[in-house]
Every structure is written in C-alpha cells, then in structure tokens.
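Presented below are the structures under discussion, each in the form of structure tokens.
Next come two complexes, and both contain subunit A; in the first it sits with subunit B, in the second with subunit C.
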Partner chain A sequence: MSATPLRRRARSRLTQGALPYLLLAPALLVIAAVVLYPMLYSATLSFFKANLLNMDRMTFVGLQNYADVLTDSAFWRSLWVTIQYTVGVVALSFGLGLGTALMLNVRFPLRGLARALIIIPWATPWLVTTLIWYVMFNPQIGPINAILKQLGLIETGVAWLYLNGTAMPVIILVTAWRLFPTTTLLVLAALQSISPELYEAAEVDGAGWLGKLRFITLPGISATSFVSLVLVTISAFKLFTVAWVMTAGGPGDVTRVLSVFVYEEAFRFFRVGPSSTLATLLFILSAGMVVAYFRLLQGGRDEPE
Partner chain B sequence: MSQSSVSLFAASRRKVDLLQRGLVMFAAFAIGIVIFYPFYWMVMASGLPEGSSLARTTVLIPGSIGLEAYAAVLLQKPMLQWTANTLLVTVLSTAFVTPLALLAAYSMSRFRFRGRMAMIFFVLLTQLLPATSVLIPLFLVFRAYGLLNNLLGVTIAYVTFLMPQTIWILWGYLKSIPGDFEESAMVDGCTRFGAFLRVTVPIAIPGIVAAGLFAFLESWNQYILAYALTSSTDKWVVSLGLYAFIGEYTVLVEQMMAASVMASIPALAVFVALQRYLRGGLALGGLKG
Partner chain C sequence: MKQQRLVRFASISLVAAVLAACAGAAPAPAPAPAPAATTKVEAPKPAAPVKLRLASWQWEDAAYKDFWNGTTEDFAKKNPNVSFEKFSFPIDNLWDKLNTELAAGTPPDLIEVTGFNVFQYMDQGVLAPLNDCFAGTDIPDKIQDQKTYAAKDGKMYALNLSARTLQLYVNQKLFDEAGVKVPTNFNELRDAAKKLTVKAKDQYGLVLVTVAHSRLYEGALVFIAGYGGHYSKNGKPALNSPEVIKGVTFFKELFDAGTIPQGVKDAAAQYAWFNQGKAAMSIDGAWYWAVLEKDGPAVLPNTKIYPIPTDTQAATGGVNNLIGIAAKSPNYKVACEYIKSLTAPQWAQLWVEKSRTIFPMQGSVSDSFVKANPGLRSTPRNSRRPSRWRRPVWRSTTTTCKKSSTPNSSKCFTTTSRSSRR
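On to the complex of A and B.
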C-alpha cells in the first residue's frame, strides 16, 4: 500500500485507544442485557427442575436434564426433522433462485417489471404467507386440491397437512416460496457483473450453452451462491412460524423442528428445565455451525479465485 | 474458419437466441403464475361475500368482488389497533437498534482490537438461534419487571434479534467502503468521530437504509415473541390477530384473507418505497469474511 507518512500516522492512531470500545459500548450493553443475559439465565435454568407456572419451587438437578434430553429419542428425532427441513428449504429455494436469476438475465419484454415483482414474496409478512398457503392446501375449500382434481391428478381431496408423507414437503415448499427471492436478487447481481467478453470468447472457441453455463456462469456466481446459501440456511434453521401455524409440528412429530420443540416444552408443558436445556444445546449446536462456517471461509481463501 | 462459415454461425446463433428468448419468456410467464397465484387467490378470496368460500372452491373467477369482508374485519376486530401497535413496536425497535448497530459495525469494520473476533463470532451465532430459545428467560424477567402484556416489553424482545442482525448487515456494508476517505478527512483536521459522521455516514446511507428496512420487515414479521409475551387482545400485534383467525377460519376465510391483505400493505408499502436501496445497500461483505 502506498500510504504517506501522515496517513500511516492516521492509520496507526486508529488502532490505538479506547475509541473502538466506546463505539461498541452502547450496542454491547444492549446485547449483554437482552441477548447475553437471557442466554446465561437459560443456561442456569438448564440445571434445575421447575415448572414455568410455579417458579418458586426450583430444585437443582445437576446434569440430569442433559442426560434426559440427550437420551430422549424425541430430541434426536426433532434434530433430524430440522435437518430435513433446512436442507429441503435451502435446496428448493436455491434452485428457484438460481433458475429465476438465469431467466431474468436473458433479455425479454417486460423483464424490468418481472425483476421488480420477483422480490414481492419476500416482502410479504411470514404469517400472511403461511395463512394463504394454509387455506390453499385445505382439503375441502383449498384451490390446490380443486386444480389437481380438474387436471385429473387426484380423485378425492388430499389432506396435505395431515399426512405423514406430505406435511414436510408442503412446509418446505411454503418456506422456499417465501425465501427464494433473496437468492434471485443476489445471483442476478453476480450474473450482471460477469463480463460479456468472456461469453463472446467462449463462443468463438465453440462453447455451447451448457459449456458457457459450466465454465463461465457457474464459476462467476459461486461466491455469491455461497453467501445466499448461508443466508437461507440461517433463516430456515431457526424458523418457527411455518411449522407451527401450518402443522403445529404434526402430524405426530413429522414437522416438529427444534424451534417448535423448545417452545412446546416451555409454553405447552411448562417444563422449564428441559426447555432451557434444549436452548443451551441449540446454542452449542449453533456455535459449532459458526465454527464450521469460518473454517469453510478460510478453506475457500486458499483456492484460486 | 472461413468468412462464410462465420456468418452462417452468426445467423444460426441469432435463431438460437430468438428461440431461447421465446422459451425463457414462456417459462418466466409460467413461473410467474405459480409465484403470484397465492397473492391472486388471497385478494380474490378476500372479495367474496361472507361464507361463500365454503360453498364452492375459488380457483379462478370469483362470482363477485366486494369489500364486505374488509368491513367486517374493521368493525368486528381491533384491526386498526393491532396495526398501530405493530407500527409502534416496529418503528421503535428499528429506530433504537439502527444507530447503535451502526456505531458497533463501524468499530468492527475499522479497528483491530481485542475481542473483535469474539464479537463477530457472537453476532453470527445469535442469528442462528430460534427466537423460541430465549423465550423462557425473557418471559421470567419480564414477569418480574411488569413488562408482560406491555408493548415496551415486546419492543425490548424485538431488540434481541434485531441488534445482531443489523450489526451484521452494517458491518458487511462498511467493510465494502474503503477507509481512505476518512483518512483524508482526518489529515485535513477532522477528528476520527467527525470523519465518521461527515464522511462515512453519508456514503453509507444505502447500507443504513437497507439494514433499517431489514429490521423493519423482520419486526413486522415477528410473531412468536409477541405471542408469548402479550395476553390481552388490545396489546396484540397484527400477526397475532391474523393467527387468531385460524381458530375460526372454517367460517371466516374471507375475513382471514381480507385481514391478510391489510396486514401486508404497510410492509409492502415500506418495501416498495425503499427497495431501490436494497440492491446497492446489501453489499453482504460480512458473509464473505
């Protein structure tokens, strides 16, 4: 870097003193009060047995809650359901996002309008999204069964939300419908930044549609795709509303993701200990995911751009 | 390659291009229908006369379009109160979080200090946690301080998830702005903080607006925190009012959809007004490390 001595002094002044901490202090105080404190409180409660409606009677049970939760098949089942849900949502919304971005990158009439409208599902409140689809999938009055009947694909109404085989695909579809536009936007921006000269050069070299996709388009959007995969993973992993409103975790435990599991333990069964234990385990699990993410980033840096 | 084969090649390319464009347009149209059909259905169902959606399924053409369901929702439910509550909580939490997050993000993007990596780690970690995992402690603390069933309590609860998210977005954006401008201003005699206020903040406006927009939409989306922390209907936010329709929905589909339309309008309006900031404002450098 070509820093002048003055600039270098200015830069060295940046790294000194209490200013970084002073700037950080207000946000840090708030985080300590409303994020860190509840987490630590939760961790403390995980060593007790207590009922949410009668917190005066707390008994210290040590690691008993952890032993209980970790040997409870419902916990492992819920973790597996969360993985299914997250992976399903990430895959479907990425496919939709990539497909729509590739399309919106081709010139056609009304493309500007299509680009503006594609983001609308993302700006719709989660609960509205969920309610619309909830009614649309209703076996009696929902249009989805009606359309499928008219097309001759089904004969009688299917109770999509109440069948073991269909509940999870439905909530994955609804969640992906709401989340995919961010991927479209990000990937489209990356597509637009690929130099057209690269494509021209490839055509001169005789590359076909597939060749251009594989050797120019996909490498050009890989970094952005990674970002959008991370974003969608974060959203899907912690999501509560869809699984709760559409299926309440059911039928049985087919869609009981961890966020619903934690909630039910606390506010349906009032079991403070197991719920706090779950919250703490989620914290540890999330920490593991962040570490894996940082590792991935560092691994990516060694690769040629 | 001879001259004629090049021009042949170009001509066939044009044909392929046309074909490709036609195909893409057709596919875009088909996908557009699938994507927007739920909105269409919501609006159509909301325009039906009371109880008629039970009688027959509305797939395409409604018998009549009316405002009956809207009037019913406005008259029978405190829809306006819920909307006002939501606006209050959403605006308060966004306005509180954004400036503090901006200072923190600035500190993280411009300084190397002890604890910085821990801060980055923590900010990302908290975004992965479901809101339900902090509900018990919030519930207990709020009960102790009389913040249950209180809009101030709901606002504070919203801050728990908005603060890390907003810091993250702003950190990513500020990282993408080179520090040279500030350094020049400091060489010219500005203090560090003065340079931040007069140079960095104006450049960062798109990022700040985008982060604020995200915070606003996230708050507007919130459901479970408000659900667990409020009990009386006059303290509800609009998503709780919507959720209550589930219990009665077999008789009130039209009202449920009318309320959904009304609940979407403020979020969509804010979004449409500010969406030009979204593209530029989301540098997302934060996620790239």
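On to the complex of A and C.
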C-alpha cells in the first residue's frame, strides 16, 4: 500500500529537516569525544584534589583550587608573562604581515614566487619551526652567534634562550615569524578587493601615497586586519610549543606562559586539581576573547551604512 | 525520493557506526568440544601466556641495550609463556608517557626509575613492595643499600641497579699547553678555570650544566659538598645553611667570571663542550668515559680522571637506576621472577662492562674488565690524597675492584645521596 500524498509530504519535510543534522552528526560525535569530553572532564577535575600518579585517591574540594590559584602570585606572574608574550607576538606578526602584504600588492618581477614563499613559515609545523630556530639560537653551534661573531658584534656564544633579557624577545620573534603569513594572506586578499578606481579617483583629486594609504587602503583592510589580529591573539595566548621547546618556561619563570604553567602543574608536579583549574581559567579567558571578537564583529556589521 | 533514500541510508549507516563503536570486542567463539581423551593421564596445563611491559629509556641506549635485550630474551627463553613489550622512549619523553599511563590505570608491569623520581613513585603508591618477591633470597643483603634506599617502613620498592658517582675529567693537553697544574682545592680550581678560559678560541676552563636541569642542582651540590654541606640536614631543607650559600656562591662566581659556558642545557650539551676540546675540565660520572670513546676520540687520549677539586674532595652520588613493579600490574609474580633474575652475576657484569657504571653487588666488576680498562685505574695513581678516600662501597666485592678508581665513599653513597633525592 502506498502512503497518502499528505503523509508522503510530511515525511519528506521531516527527512529534509533531519538531513543536515545527520550529515553533521559524525563530525559532532568526534568533536564531542575528543574535545568536549576532555574539556568537561578537565573542568570536573578542577574541583578535586588529585595526584596524576594516583588518580584513585581523588578528594572533592569544591572551589578550593580556584581560590588557591587566584591567590597564588605565580598565577598572576604567569598571566602577566602571557600578556607580554601575546602583545609582543601580535604587534610583531601584525607589523610583519601588514608590511609584507603591502609589498606583495605592488607589481614587481617574481611577485608570484614571493607570494608563494611567504606561506612557508605558516605551512611548516609548529614543532619543526621551533626546532629550527632552537638550533639557530644555539650558543655553541647556532648560525646566529656565528654570524654575530664574524661581524665582531660578540666575542663568545651568547645563550639567547637562557638569559633573562633575551629569552622572551626570542620566543616572541619565533612565534611572530610562524604567524605573520596569516596576516599577510588575509590583508593581501583585502587589498586586492579594493577597487583600483578609488585610487585613480584619489590621484585625480591630488592625493599622494600617504593620503591614499590613509583614506583608501587602511579603511579598506580594517575589517580583515581586525579578524587577523583576533586570530593571532588567540593563537599566541594559548600557545605551548614555542615556549616549552625553546625555553621550557625559563630562565626562572621569564617565559612561563599559562600553557606551560598548566603543563608543569600536571606533569612535573602531578597536581591535577590546580592544573585543571588553570586550564579552565585559560579556556575562559580564550573564550572571552572569542566572544568579544564576535561582539565587535557583529557591532561593525550592524552599523548603518 | 532520492533524498529520502539518502536520509535512510545515512541514518542506518550512522546507527551501525555508533553500535559498532560502542560494542566491545566480539566475544570469543565458544571453544569447540575437546576430543575424547585417549588416555586417563592428563597432560600438565601449559602456563598462561604473560606479556610483561617494561618501561625504560635505556632500551635503545648503546650502553644499556645489551643488558635489557639480553635479560629479557634469556628470561623469555627460560619461560616460554612470557614475552616482553618494550615501553621505550628517550628519557625526556618517557616520564610524560609513563605518568599518563599511570593516570589511566594501565601502567607497564615493570618500571625503571631513577634516584630522582623513585621516591615520588613510592609515596604515591605507584610501585609495589618487593619484600614478598625477595623473601627467601639473599638479594636484600647482597645488593648494596637494598634495604635502605627506596625503602620505607621496612618495605623495599625497587631493586638498585646502579651507583652514580662524579669525578673530574681533565683535558691534560690543554693544561700542559697553558702550564697549569691540575687543581686539588677550591682556589686552584678557580685559578685553573680562569687561566684555561680563552675566549678567542671559544675555550672554557670548566663545563657544567648551567640551565634549570637536575644536573644543575647536582653540579651545585658538588661545591656545596666541597664545603661540607648539603641541601638537607637531618631530613629538613638546609638551603640557607652557610655551606649551601658558599657552594652556590662559588658556582656563580665561576659562571660570572665567564669560565663556564652559558646555556649548557643538559648532559648532551655538557658532553659536547668537552668532547670537542672546548672545555679543559668537566665534572661527570663514570659512564662519561664510554661517551668519550664514542664521541670524543680525539680528546680521549689526553683525558685524565681526578678527584673533585674541592677542599673536602667529598664525592656526591648514590643509587642511580632502579627497577620496580607497578602496584597495578596483574603480573606481579612473573615480574618479580624477572627482577630476581637481574641479580645473576653475568647480568651484573654485563651492566658494568657496557655502561661502566657500578651494579651495586658483589662480583659485578670482573678482573678482565678492570684489566681491559686502564683508564679507570688511572685515578689512584694520580690522586694526591688517596689516603683520604674511604672504602668504595663496592670495593669489598672483588679483589680487582680495589684497582678501580671511582672516588666515592661508603658514607657518601649511603647517606648523602639518599638525602639529596628525598
């Protein structure tokens, strides 16, 4: 017996409505298993006192871990280090990205090759990038010291990664080097979307290079630049690889960013509770940035034209 | 219609996938009925197969891999139902992997630990007591410090595998070229380090680890012990004691004077400076001789070993590597038999001969080994104050060990090291 046309239409509507969810379901299941569950588990652990080596002996302590962490000067010191690191990375990578994007927007021979080469840092895995720079800054065999010695700028190998004054600038440089192509690509795309007619009109009106940059180029790329800034900020804020591989948070706590602090608490001192608390706070701070980003973006869109 | 079919297909596939994922391993098929027995005599039941997971960073280490491969292969040969699975990672990565497995409740059965972390593992109940395992054997008596090191409330938690000692390695050629005498006390050490530092040649007087690392604290301890102190006293921290302050200050003085290179981050970096003839002195363990043979052949002929040049010449060191059984291992009995097998003289001698570190047991150093390694005999001859040395703990093991040179004292071995690790 065939179904009535009414039934058939209802079933069709139902299946049409369910299809997107069914197609999304496998991805959602994976995300739930490898992202959501660990996140919730970590958040749960932040209410317990537990040792990584013996998770059978967990004790519920309520908000004690949060109170301990928030009154611990090491946390605030680490947060300050993270802010320094993030600001440094954002400023340098955005400056480099904007500069290279403006250069690559100008016609010159082999521009296509230059545009392709600029992606290399971004396409290289974090660990590989970090290890390459780690060798480059090695006090004994690193080429940076060798060049500086040849130039007569230093007498003996400088331990860039192990001195209070140089460790942070070095990890900022490495992170910015890895991240700046993101800005380059985004800004370059925005630059190419600016109509050449605007520049022609400005020239007719007598605008110079600076005037065109100020009144056409920068407004034209501002929205994209903002997106790029937010992406780089979030990346830098939670980054672990560079600080851990290059300096392990040292010397002392000069480069102990929050992600390294989380790791040390869990895997060096086996304090799962405080570590999970720190991870949860790191998540809240990162999520806060994302929310702020969406709010700002939404605000920009809602503006009357 | 097509869309409806697609939805149906997607739904069925999804449900099937979820069910497949949620389902455990398929139950084993019921065994086929055994054939009727032809005789009334029952054959002895074969022992159930056991796979022992053994965690060690030394599986691929040239100095130790023969020991681990040899002992496991021999044990598996004698016990056909037993096989081994290597839990093998470089030491820097091993602990994270191991700790993660411990957190998950699925640790390897056998865990090699160091003097740096054995006490944490004991305190957290990671290791099972070995008293039952050693009952009826002479292991607690024949292994040096077995009853006191890695022991708590009368319970032993790991078998001591090696002893760690430090000594002064000297590049004699650099000393001779500079006309400097090998130092024997703090003042001479300071002077020699300064004279042998030639920045134009990128050459330093002394190399030690200068970055946050266990070797940094051990390096500082050398000087602290040289002033007669220790990080702890009577089981309590003594970081503000005059001896500790003097020792750390002396270390800093050498560093600030530029006689020690910056950024020496670990053992490998420390080796590299001396191996390449870029450091005139290094303070390292007995195993470093094997490293020099492999990586510093040009420097090796000019290398001499001396006592640590501090005012007291006190040695630091102690139990270094140990092996225990995970408290959650379901294979305690088999793992215990394997641990006991490690104390056979042949394996103890193999450990010493390959790694050049002392297996703390009588008979671990053979005559042939001492004869074949004149480098290790050089220290007593070069020692200025041999009479001040106390009997090395393993000296009583064999007569040939008296020729062995590692400067250590029984007091240092049994007390200093333990308090330094706790």
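Side notes on the structure shown:
Heads up, the rule we're going with is that the second predicted complex is superposed on the first by the 271 of 305 C-alpha atoms of A that agree within 3 Å, B and C clash if a C-alpha of one lies under 4 Å from a C-alpha of the other, contacts with A are read in each partner's own complex, and residues count from 1 in each chain.
Just so it is clear, a contact is a pair of C-beta atoms (placed from the backbone, for glycine too) under 8 Å apart; a residue touches a chain by one contact, two chains touch by 3 or more.
Everything numeric here is computed off the predicted structure, so don't read it as measured data.
In the superposition on chain A, contact of A:19 is made with both subunit B and subunit C. In the superposed model, A:156 makes contact with subunit C only, not with subunit B.
Once chain A of one complex is fitted onto chain A of the other, the partner contacts of A:251 are limited to subunit C, with no touch recorded for subunit B. With both structures placed on the common chain, the touch criterion links A:135 to subunit B but leaves subunit C unconnected. When the two structures are aligned on the shared chain, A:52 is found in touch with subunit B and with subunit C. In the superposed model, A:230 lies in contact with subunit B only, and not with subunit C.
Put subunit B and subunit C next to each other and count what each touches on subunit A; the higher total goes to B. Looking at the shared chain after the overlay, A:267 reaches both subunit B and subunit C. On subunit A, the surface touched by subunit B in one complex and the surface touched by subunit C in the other have residues 11, 15, 19, 23, 26, 52, 55, 267, 272 in common. Listing the residues of subunit C that touch subunit A in their complex gives 3-4, 6-7, 10-11, 14, 17-18, 95-96, 99, 102-103, 105, 120-121, 124-126, 199-200, 202, 210-212, 258, 261-263, 265, 269, 272-273, 278.
By the touch criterion stated above, subunit A contacts subunit C in their complex at residues 11-12, 15-16, 18-19, 22-23, 25-26, 29, 51-57, 138-140, 155-163, 248, 250-252, 267, 270, 272.
Listing the residues of subunit B that touch subunit A in their complex gives 13, 20-21, 24-25, 27-28, 31-32, 35-36, 38-39, 41-42, 45, 53-54, 57-59, 100-101, 103-104, 106-108, 110-113, 116, 119, 121-122, 124-141, 156-157, 159-160, 163-164, 167, 179, 183, 186-187, 192-193, 217, 220-221, 223-224, 228, 238-239, 242-243, 245-246, 249, 253, 256-257, 260, 263-264, 267-268, 271-272, 275, 278-279, 282, 284, 287-289.
Listed in rising order, the residues of subunit A touching subunit B in the complex are 6-7, 10-11, 13-15, 19-21, 23-24, 26-28, 30-31, 34-35, 37-39, 41-42, 45, 52, 55, 99-100, 103-104, 106-109, 114, 116-121, 123-129, 131-136, 141-143, 145-147, 150, 177, 185-186, 189, 203, 209, 223, 227, 230-231, 234, 237-241, 244-245, 258-260, 262-263, 266-267, 272, 275-276, 278-279, 282-283, 286-287, 289-290, 293-294, 297-298, 301.
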